[in-house]
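Common to both upcoming complexes is chain A, partnered first by chain B, then by chain C.
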Partner chain A sequence: MRLQGTLRPKLRRILALVRKETRQMVRDPATIAVGIVLPVILILLFGFGLSLDVRNVPLAVVMEDSSAPAGNLLAAFTLSSYFNPQVVYSPQAAERLMMEGRVDGILTIPSDFARRYGAGNARVQLVVHGSDANRARIIESYVDGAVGAWSARQSADEGTSAGNGPVGVQSRLWFNSANDSHYFLVPGLVVLVMTLIGAFLTAMVVAREWERGTFEALFVTPVRSGEILLGKTVPYFGLGVLGLLLCIVAAKFLFRVPIVGSLAVLVAGSMLYVLVALGVGLLISSYFKNQLVASQLTMLATFMPALMLSGFLFDLRSMPAVIRALTYLLPARYYVALLQTTFLAGDIWPVILPNAAALAVMLGLLGYASRAVTHKRLG
Partner chain B sequence: MAIPVVVGKDLRKVFRAPGNGGEVRALDGVSIEVRAGELTALVGPDGAGKTTLIRLMAGLFTADAGTLTVLGIDPAAQPQRVQDRIGYMPQKFGLYEDLSVQENLDLYADLHGVGAEERSRRYPQLMQMTDLGRFTGRLAGRLSGGMKQKLGLACTLVRSPELLLLDEPTVGVDPLSRRELWAIVEHLVREQGLTVLTSTSYLDEAERAARVLVLHEGRALAQSEPAAVTRIATGRSVVLDPNAGESARSLQARLLDDPEVIDAVPDGGLVRLVRTGEPATGRDRDMIAGLEATPVEPRFEDGFMVLLRGAAAHEAGVDIQLQRPLAPSVEGSVVEVHDLVKTFGDFTAVNHVSFEVRRGEIFGLLGPNGAGKTTTFRMLCGLSPPTAGILRIAGLDVSGAGAAARARLGYVAQKFSLYGALTVAENLEFFASAYGLRGAQRRERIDWALRQFDLERHARTASGELPGGFKQRLAMGAALLHEPDILFLDEPTSGADPLARRAFWRRITALAEQGVTVIVTTHFMQEAEYCDHIAIMDGGRVLARGSPAQIRRLGRARDGREVSMEDAFIAVVETARAREGAARA
Partner chain C sequence: MLASLLRIVALTRKELLAVLKDRRARMSLLIPPILQCLLFGYAATYDLSHIPYAVLDRSHSTASQDLLARFDGTRLFERVANLSTQRQVRDSIDDRRALLAIEIPADFARRLQAGGADLQIIADGRNSNTAGTALGYAQSVVDDFNSDWRADHGQAGPPVMVAARAWYNPNLVTRWNMIPGLIGTLTMIQTLMLTAMSVAREREQGTFDQLLVTPFRPAEIMAGKALPSMLVGIIQATGVLLVAQVWFRIPFQGSFLTLYAGLTLFVLAAVGVGLVVSALCQTMQQAMLFSFILIMPFALLSGLTTPISNMPLSLQYFTFINPLRYAIDITQRVYLEGAGAGVLMPDLWPLAAIAAATLAAASWLFKRL
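So, the complex of A and B:
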């Protein structure tokens, strides 16, 4: 009886705050834009627009040789979906195209190509635009592979057994493995959407109350600061779960990414991460009490690192040690590992458990810190 | 005698001023007692410490020194226990503007644990009291300022608090809503024995309290019943009739510099004066500045000004001197407005408004919130195109020659559009550049503004940290940088205390005497006395127009007192609304 006596008003207060927060959330067009419209745009953008596969590489081909083998080689490039060759007849013209950024590489088929091909030591020259080193290396190996494929086919057709192709078989494998980057982009996308909803939206909600002066009246009621935080967490957690479902549906049915692991682990891990992201947003918001500062800071502290330092786009192992050490502070890092494993590899508990544990510890710390900075005091 | 609900002894609170590392003594040894079942008022200028004192009681601040008990509890040690039992309405009441009236009420009822049964009893009462019953479904953000305040009050009254704290509940509220709010509060005290502590900068409100605490710069100047404050001015209040050819406000401005004069205000064509002491006896005629002084009954405001002048250094020589005399302009009207209309969708914000203002005149636009004053101003400034009608400034059509007309006018927006993070000097530099001032001229104008508005000391203070009165001065300085001959001020004195308001009007009077044409909107009806002509607006229309004396005659006297400008205003607005209601029925 006595327990009920103190619990019921408390529960009622929390419910009232959740109701209020939900109404505000639903009625605020900005929240809907960031919470629903933006994730959809991100899904479509990442799903269809962004691809790490290199395709349609614009390539200038300098034809110094007009022989049949040279024309044949050019045809191999023209027919490939990986290249978009543009034939020029002088090195200067090719160079100009490269300078103007209209091609990413120059392939020169020298005037002695046919003669040397007959002799089994043909060479072509490749110059690649090096501004994006990763892309350059990929183009390099593609050209390598294309030439290799061509010469192998050529040899087979002619029935000659001469191993005179300029490239070995290994690069062919590189070339042909049509590695669909959606497989690892979509899990990364889930991370971004969850970060956006979790941290970015909540970063505004506490600061907004400070800015509009709504807290002052709220404070002088029987409400406790923990109840205020809880009231803010629940609706945004709901929105986060909605975003998660949106992502999973898109992953499975739009991009046909297989979910090798179990859905339950995926959802549970994601909920954990949403809570951590909410915690970050609430903490920043409670501390800075200014919507602009809070949103900018959340962008810098959560969204950008989630994009760049979580192992979603760039391999963590290839980062400098200092930066890599820094990534251990990022919740997104653990979530990416967790997601990629469940999506692509399955329920591999030795990977899932430590990452989930790291997130749980962070959640605890954030909850504690948020409580500590939210006093029912002004100034 | 009942046990006091609040007892504070020697309370002190110091804030560190952000930026310059200085200290602000918000409370410097204040003692207070709030008695049960009574209305106690905290009065004092801006920065007197009223809000700080109330926040201490609400457990939102802790005092640096002194003791405080609220309902027998120390709010610093056990804030929650106090907060469970009191009602608090902060200055900017935190209504959730995206929630409806009913949703706001329900939220507070839930937070206070008000049960369904009590609600069914209480809601109708609150609705009847606040007259919000028709608007329960409306979003709080769509309510007028007065209705928002009433809803804020209703939210704090969802259950009977043992103490109600109100922090300037009527700031920025028009006279009609103000009267309604006070009727509610007085009803609660009288009928339900509620204990109320309210702060206010309206002195006529303080007069309604059982006890007042007069605060100034963190110190208590008096704590007594209001009549005792009024009595301080006994024998010192007189009125003077200005000579023909001199306006009341010019005489008043002149008299303020007299060291024997504590306060002077224009009042119905006369000047009301409070002197430092009683006149020497033995003279058969009491003469001040060559005019005969007629003694009058003192008012609360007179006593308050005596107290304040005793504590505050006399701010002598508040004046303003234009750098260059204004070029003699064409005679006739400087601002002409004919049949001005502005519609937003199917809502008519300004409905066939016409008026004319002559050079060097002070013209006042008075009206409740939402009357269309600000919309009219925006059109005058060329910020918003009129739907129909003619607008001429200095003979130029605003819509045709926007830039040329705009160069002639200075505009001080409501709440002053200043850059809070920039210092006073930086704000002036920015506005000077925006007006196209350069080089030596720019320097000269900025120096002029700093000097004329006594801002030199604060040149390096971020404008967001300036006290209210200084913000207003800075905004005026910025608006005058390009030497306009027409000045528009939208609610410049909203929330300003009596001293700041007097200084403001002295500057305006000085500007008008030097030929600057001034159009001003205000909520303070007494301020209409400074104007040459006024127009009362409501619902987008001009209801009455004329000199202050003419408008005053439209009022009905209340309980035998002389008709105040406020009575006239309320009478005009109520008559018009009644007529409209009858026409619609």
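So, the complex of A and C:
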């Protein structure tokens, strides 16, 4: 099929630019560093290094009571995979362990435990180390659960069924029944890698061209500014897709995170996000035209918010209203919602469509803005 | 000796001028850490203040309404939907309208009278950490209901009660750990980058050769490069510390002397790492990327966002050479526990060792330039 007269040279110019940019990208060590080394480091760190799961909690147990029920309760902790109890016989020894950071909590079984247990109102005391509040709270609830389960078992054995109290809670965790924190850390990782390649790398590389004046060299050629932008975008978009594939393979085969939704939605949503990130990178670099400023600014404006304000670690609904309002401006926010849903819950269109639409609107605005900033004019 | 000192002072002055002469550069050193501290101080919290939940009440009894009223009364829970079918439960969780869905079975009131009723709570596990915290809050609302019910109906309490307390952070507010941890993190990011750039900039601009023909010895050049960065680092740390105390009003338990001693060692270690990077890199871009590749694992494996004890052993060994790991431990413990220098020795000497090793390596590298 023959292309129409005006379209054909345009296409040829774009193709030539894409070829030039791709060569430039592949031969640039910075691309290798940010496009390949950093994503691999991130994948390994997130997959193996980060975990919010609480297992094998080192716990000092002060045994002030040596009766059978007390020993029995201690055995329940020893057998549990959640705790790693260490028996001490004085409160001072336990406190020393806690001060040295060798245990995360102290469980005290008081001397009147057996007597009061017989009367049906025993108490044990738990002190947790508050220096990691999130972990401390989980430890509290695990200890509570372990003691509750133990006493329910005891009463069942003795035939004095007390049950779980007046109202027992049966809780179920949907989409992540194994309660494995990798299930939400790995989708978050995809967001970070896409942000890094899309925004950070592009901002740095394009700003360097402005600094060195090679961008201006392009301006004297017959290519239009829109074509220059397109030529820049295509190779980095390709690199982003490569990073995405790397992440999906790692998620599925290395970290065994399920992909419940369809791969097509996952890939399409990610491509949309990479384009938005590219737009941000291009815009910042074309505006500041300085490597240092551009890369630090993209770091501050894209990577850090993707880590802290996107809802992948910290719940958006609990942030103060001002900050929550700010998160609506961040593309990462929509991408996190889209990814977490597609990875873990499935193709739930009421979540996917609005988030994808928000990204598409941002893409339109960014495309318009970067064209406006990239005049063919020498500064 | 005195002449050497004078030369170092002169070079420090020159470096400070180079970094601070520009108003924009001055701002870019001080504003971002404080802004980030404010932003993350509010945002980076695992605590929940708003839990939207949906209810499927099949019981329609006074007991079930009494229980639900307790959820609504906490200000933490917000009822977003009253559902009537199982299908709606699925939808309300799926499209993220509700974080929790509470299902009360039809025989709730009858079984409660008989001694033991069940309640089902479904949580959106897409972020399992948030879901777990929300379930914990829900459990404590039900616990309150139970103990009141027992008191009203003359029943004995559970056979064993757990009385829990938390040391150093009695209400278990994440912000209390996060912000002291940020003092080290935010300071490291910029100190390391600033130092790494300083020599690379001179090299890229060709002024490093000029510096080499002056009477400065390599060690003096290094000191002249290290001191300004350290100064900037300490000022940044002070800025973040002020935000923690004046804005967030987190009570400071320790001594400033201990804190600053620890911070000085930490900044020295960070500057040491920066100087090594600087000596190895030819251009500013290389320096920036290299420091970035280092900062990432330093920040993620520091124990700030996820506990070090959860990491596999090989990565736990890596954290031994991570200056930030020790800095976070020092700032959190001095800040919240009031720990003294004696207790902090296991953190202080590794920092000193890292500083000594990196500075020695940097000076060796500089001599070979």
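Keep in mind that, in the parts below, the second predicted complex is superposed on the first by the 346 of 379 C-alpha atoms of A that agree within 3 Å, B and C clash if a C-alpha of one lies under 4 Å from a C-alpha of the other, contacts with A are read in each partner's own complex, and residues count from 1 in each chain.
Note that a contact is a pair of C-beta atoms (placed from the backbone, for glycine too) under 8 Å apart; a residue touches a chain by one contact, two chains touch by 3 or more.
Note that the structure is predicted; figures quoted are calculated from it, not measured.
Peer 1: Could you tell me whether chain B and chain C fit or clash when both sit on chain A in the superposition?
Peer 2: On the shared chain A, the partners clash.
Peer 1: Could you look at A:R208 and tell me whether it touches chain B, chain C, both or neither (first, second, both, neither)?
Peer 2: In the superposition, A:R208 contacts chain C only.
Peer 1: Quick one: classify A:V223 as touching chain B (first), chain C (second), both or neither.
Peer 2: In the superposed model, A:V223 contacts chain B only, not chain C.
Peer 1: As a test of reading the superposition: which chain, chain B or chain C, is in touch with more residues of chain A?
Peer 2: Here the partner covering more residues of chain A is C.
Peer 1: Kindly classify A:Y328 by the partners it touches after superposition: chain B alone (first), chain C alone (second), both, or neither?
Peer 2: A:Y328: touches no partner chain.
Peer 1: In the overlaid three-chain picture, which partner chain does A:Y89 touch, first (chain B) or second (chain C), both, or neither?
Peer 2: Neither partner.
Peer 1: Given the touch rule stated above, what does A:R27 touch, chain B (first), chain C (second), both, or neither?
Peer 2: Touch partner of A:R27: chain B, not chain C.
Peer 1: Just one of 2-10, 56-64 or 74-82 in chain C runs into chain B once the structures are overlaid; which is it?
Peer 2: 2-10
Peer 1: Between chain B and chain C, which residues of chain A are contacted by each of them?
Peer 2: Overlap of chain B and chain C footprints on chain A: empty.
Peer 1: Please name which positions on chain B make contact with chain A in the complex.
Peer 2: Within the complex, chain B contacts chain A at residues 15, 55, 58-62, 79-80, 83-84, 86-90, 92-99, 103, 106-108, 110-113, 152, 155-156, 165.
Peer 1: Which residues of chain C touch chain A in the complex?
Peer 2: 28, 32, 36, 39-40, 42-52, 67, 93-96, 99, 112, 115-133, 135-136, 138-139, 142, 145-146, 149-150, 155-170, 172-174, 176-177, 197, 284-286, 288-290, 292-293, 296-297, 300-301, 303, 305-307, 309-312, 315, 329, 332-333, 336-337, 343
Peer 1: What residues on chain A touch chain B, complex-wise?
Peer 2: Within the complex, chain A touches chain B at residues 9, 12-13, 15-17, 19-20, 23-24, 27-28, 209, 212-224, 376-379.
Peer 1: Going by the contact rule at the top, pick out the chain A residues touching chain C in the complex.
Peer 2: 29-30, 33-34, 37-38, 41-42, 45-46, 48-55, 58, 73, 98-101, 117, 120-138, 140-141, 143-144, 147-148, 150-151, 154-155, 162-177, 179-181, 183-184, 204, 208, 291-293, 295-296, 300, 304, 308-309, 311-315, 317-320, 323, 337, 340-341, 344-346, 348, 350-351
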